[in-house]
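Order of writing sets the labels: A, B, C, D, E and F. Residues in every chain begin at 1.
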């Protein structure tokens, strides 16, 4: 079938094959512990379909997406109703990517999917720091009796890292206990991204995992998410913070909590696609 | 605060207090194993809010909803991400209602919530038969490795009852294995409700639990559901089948799989409210 | 500005000027007493915009819409919050049309707008009969203390006509009292349109006003309405009933209760446009 | 029924009973004079259902919602089509709350519902000042012949208070006459909330009623409203203005004009819930 | 990357590679001449994503989708704004598939995409008959001056075949001229599929191309289409007609005019997926 | 029909007749080359219907819309599938308006409709400058083989004007080649409107055509567009830029790329209405 023009089946600009890729994108369509509004499971497919509306060129970084360096591996086939099994598959995937010398970039799914990806990264890089962009502290000891929950994911990460290894930005929702815990145990920059340079300074020459809960964005620009919180950062503030992090050694990353169906205009998905493009460009050498 | 007119906070016509009620309605807002499209968790709240658009009078049965006989207990507070815990709370609730001599009517949630309610009914009525209205056979041995899944719920019920105790109606989707299993082990009336009189004849004087997966309805009249299947029964066919069952001793029932957000017209919720009204009238003496 | 092709600004096929028209269509965008879900005020504008998706030819009647016989007068400018003033403007409009020897066809708005139009017709034709297609009896003596309400409109008409002048079809919702009242005082054909020939026989050579509450249609085919009631008639049943009425002397008519925004697919509006086309063809000689 | 965990039926954190409460929240689901797009009647129920997605803790005020001090009384049962009757019920409710020494916080409904609440407050506190957040001046002498209209509500309040007792903020839409009237007769701060400190200074030690038309917010963050006006304030500007007012003696307040169905993402409702939480915290000692 | 479970990237059950396939599915995402409501371009991607909600087993045919016999080739990359270029790419694709001894099954796009596919089939099978399921006659000589339009597609096919080679079913909309033309020049079964056996009898042992405009379905069950026409056939009527055609030699087929975005419930897409499954099973030996 | 109050059928405040008008508004409902998401064809009708929610008074300019100076000519009847014919009709229309000494203000449709309007203006004013507000550079030499495309419209304008006659503002998306081209050949102010005074200075006393692609706005405030790009300007920034241009001699203008159906809240349409009002006021003397 020569000469028949076909549309790509991968995320925009992620057309490398696995072996030649430096970065591997994969979807983790799991939202089984979402307590308020589920639907982030639909994010990876939505991003794959809608990314063709985007350009490969970023005027913000004056860069084109690199050819043959980023692979879109597709979406994991995850069970619902058994959180443990789902997390294990994610961990195995992230670990396999990291062990082959590549950088995983995961598209959630709910925020809990970040836990196994970070575990995998910690197993290779025990001194890893985590940069956490989010509206929510996600530091609960448990939620309705469950320790594995999207509301507890950074607390579970804390259980692995201990003090001052999680750098939280944008947090504007949580219990009083979570805010107290954050002030004590994480490097805590609530409400916005204004002090992102602090992270850049502190983390120079350190391995970093970046987890972006897209609900750090204002609900005006990103309504398509499970637990919307007004008062967030603007798209340009997020992009500028991402670009600020470019000098760091980001060994893995994720963007989570797009729930595309809540925004019938499609703009939340378009926003997520663009954040992903800028993230991938920041992680390219 | 005398003389201030207030809107009711309960489902239409379900204003009895618990002790004086003969029937107890409660919501089980759980959809943690939904594999295709979640959202049935929002059904109980939607039915409670929207039922005020309905009349208490059924022209089909020429009956008004009985005063002081039906209690709306509210919605259970269920954990997500731990299916076992959620099912246990439901079972305890159904059992408590049954033991106090009342009939539970549960509003799902996904179909898996029927399992603990049926378990509770079986513990009191070991010879119980189950009438199952559904588009899906729900007879898988497992689904993506999980035995507790909305796709396996009637198989798990079968594990408890054995052959010829489940009367399936309307089934029009499943694997080849499920259809073979149904033909062998359940009393199987696929595609429609035309032979509902068979159940009435067979089950006279027997205790019955009725589980209604609302996706038995055609997608035209009921688009608001997680796994829509075209080619279903009409609303009037469902109502007529319900009324046909009135002579049976229905000791408990549920309606599941309304996912209201997928139908922005609100009509799926209105349909569910009316099915609930007719069901409650059928279960009243 | 010759030779510039412009889209029409009127409802499809209603391009006659007022003086030469035999039938005059106008919108009454009022929904001030809607108790459950407002929005029928948007119907006339939606029908005007969307009717261009339709053909002027009806294959059901093998007829083209007549040229230069139907005028689209536009939409009345009605106050909200003062039901009396709004009804008065409608009555004046219908009366003016009738007195000039033309037939008014009104697009609601909620069903209460039919009252002043029927009053106008009764003032000219005191022996008028009313054919009423609806899901709801609309026969309440009052509603939350109000006598002028969409739920009471046919009761107010009854106050003017007395017994056996209202022919009700399709009714499937109301209070017990309304159903008892209907059985006693109207010519009552609940649930469907199967006995439409009764009306044709009885009303031959009599002046008739036809009021069509579009919620007589099943919610599957017509979800865009304020108080949706499952179990209604199909589109073809409605069209066939309309065509059956063609031999009668219909002196005025209305279609009410399209609330277009509840059906984001636009299909409810498309249905209403087609019902309007068939109605206008039935009223043409 | 011990030990069965149930979800709350009240607005988040408003679980005090009436007698022990200091603040009483109630819904006024009336939108009968809405001229452009109705639907604010659905706001109280939406806020009650969706508020469970919120935290009781405000990081902006570093405060948890007080236990046992705020009562959610439920929603008034108001007639449509008779504006006078509806307003009377609201007035009676607000007056009863005020007379029992509590502070009413009303959830509209359209802005006209503020009139009877303010009347009630004026009857107890004749020297009352009104702070008015809104996109619209609402100062028309009449609207389409009606004096009682959402577009005239502040003019009717002015009729009661006279000059310089209404402090308007954020106004960016109205007729030329309204703007001239405002400049002459109210304390007028159009377009934004930048000069909120003026009100704080002027009103220290004075009784104040605060009426918040949520359409003061930008349409980007609050599309779910009847008459959307681009160019409004951000969520954070509104929250900061609210907190600035905390030193004042706010004896009653309302938030109006959420029309939740126009924003299928649910974010407008989430915004309204958060504004309500911050408002309630500001009014707590 | 062994042992990592991934979701399929093809339409359900269409996982054969091109060379081993007997049937080749491809998408033609073009809607450039849609005059009323565009959006059918989104159909192929929607069907690919949503088909995973379906089973591979058809209870209607008691058949599983055959393994390794159906290939999903992906979607053509078609230019907008130049109808001729787009049609040429489609023709080349269909011709290449047919010449390699396979059967093309195209997913539109608007109905005009059927023209080049039928041209390709006619070039191989000059005596080909066309079975046409549709709400619209599509027999206009031109539309707003254009000869290549979705409203003219069957007229252009007629230009190639001459009389009595097009078998039209379900037509319920068109101009008077189109209906007259159809009665004279096509084998015309308007309104429904009741006489489908006529086609089976007449076409036994003849090569047939089957073009299914999904708007033949009633708008209740299929609102997601560009030009919705109430009064169509039910899903079961369509499926039974398809199965009736199984004995014929269908050398190519298409399903067109799904416009998924107009139906936010997703049910129209689910319907289209099931029609496609049944069509593919009918075309398998 | 005296004394019957009717709603206007024109865009708010555009009620002059053609001959007496200084400015003529018309709709160009064409989106035939839209490559990503079509639907801008629905913009003119949406603006006409929704503009009645607006005031004629602008508080930003302290001006009322002038009476009897602006004519709403209605919407052109344009063919789909033949780009050339559609563009010709637009050109003829714009030219006729310009030749009669009036200023055309066109409502798109996709951005390609600006090309014939600008051609018409250039034919009268050969030294014309073009101010271009947009998120996209629209400077491609071709797009999928087509030279007439919404992605190429400013390149085609450039073909007519040569260097330094196009003043681009707000551009934040395009290929690398387009950005290089813009830097070389247009007066390029990417990302925002901050340097709008540059245009005012340079263009004083020059004839100017202003083309506003509304997607220059941030997706938060304007989601209803075909190719949404996050990171745009705010509504107030756009309005202030418009007012800044008031001293220039704007001989024609357009606003394009509203696709109203993607924003079910209606806010994008409301935004477009207000931009149109401010634009018309800026162009009035």
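Operating definition for what follows: a residue touches a chain if its C-beta (ideal position, glycine included) is under 8 Å from a C-beta of that chain, and two chains touch if they have at least 3 such contacts.
Source: prediction; values computed, not measured.
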Thinking of B-D, which of A-E, A-F or B-C forms a repeat of its interface, with over half the contact pairs identical?
-> A-E
Just send me the rotation angle from a CA overlay of subunit B on subunit C, rounded to the nearest 5 degrees.
-> 120
Inter-centroid spacing, subunit F versus subunit D (mean Cα positions, whole Å) = 38
Chain centres from averaged Cα atoms put subunit D and subunit E apart, in whole Å, by 54
Using mean C-alpha positions as chain centres, tell me how far subunit E is from subunit F in Å, no decimals.
-> 38
Residues of subunit B that touch at least two other chains are 77-78, 218, 220-221, 263-264
With chains as vertices and touches as edges, which is it: line, ring, star, complete or other?
-> other
Tell me, which parts of subunit C touch subunit D in their complex?
-> 31-35, 38-39, 41, 77-83, 85, 112, 143-146, 148-149, 261
Mind listing the subunit D positions that touch subunit A in their complex?
-> 52-53, 55-57, 59-60, 62, 64, 218, 220-221, 234-236, 239, 263-267, 270-271, 274
Listed in rising order, the residues of subunit E that touch subunit A in the complex are 1, 3-7, 9, 18, 29, 45, 49, 73-78, 89, 92-93, 96, 264
Show which residues of subunit F lie in contact with subunit A when the two form their complex.
-> 36-37, 171-176, 179, 190-191, 218-221, 223-224, 227-231, 262-264
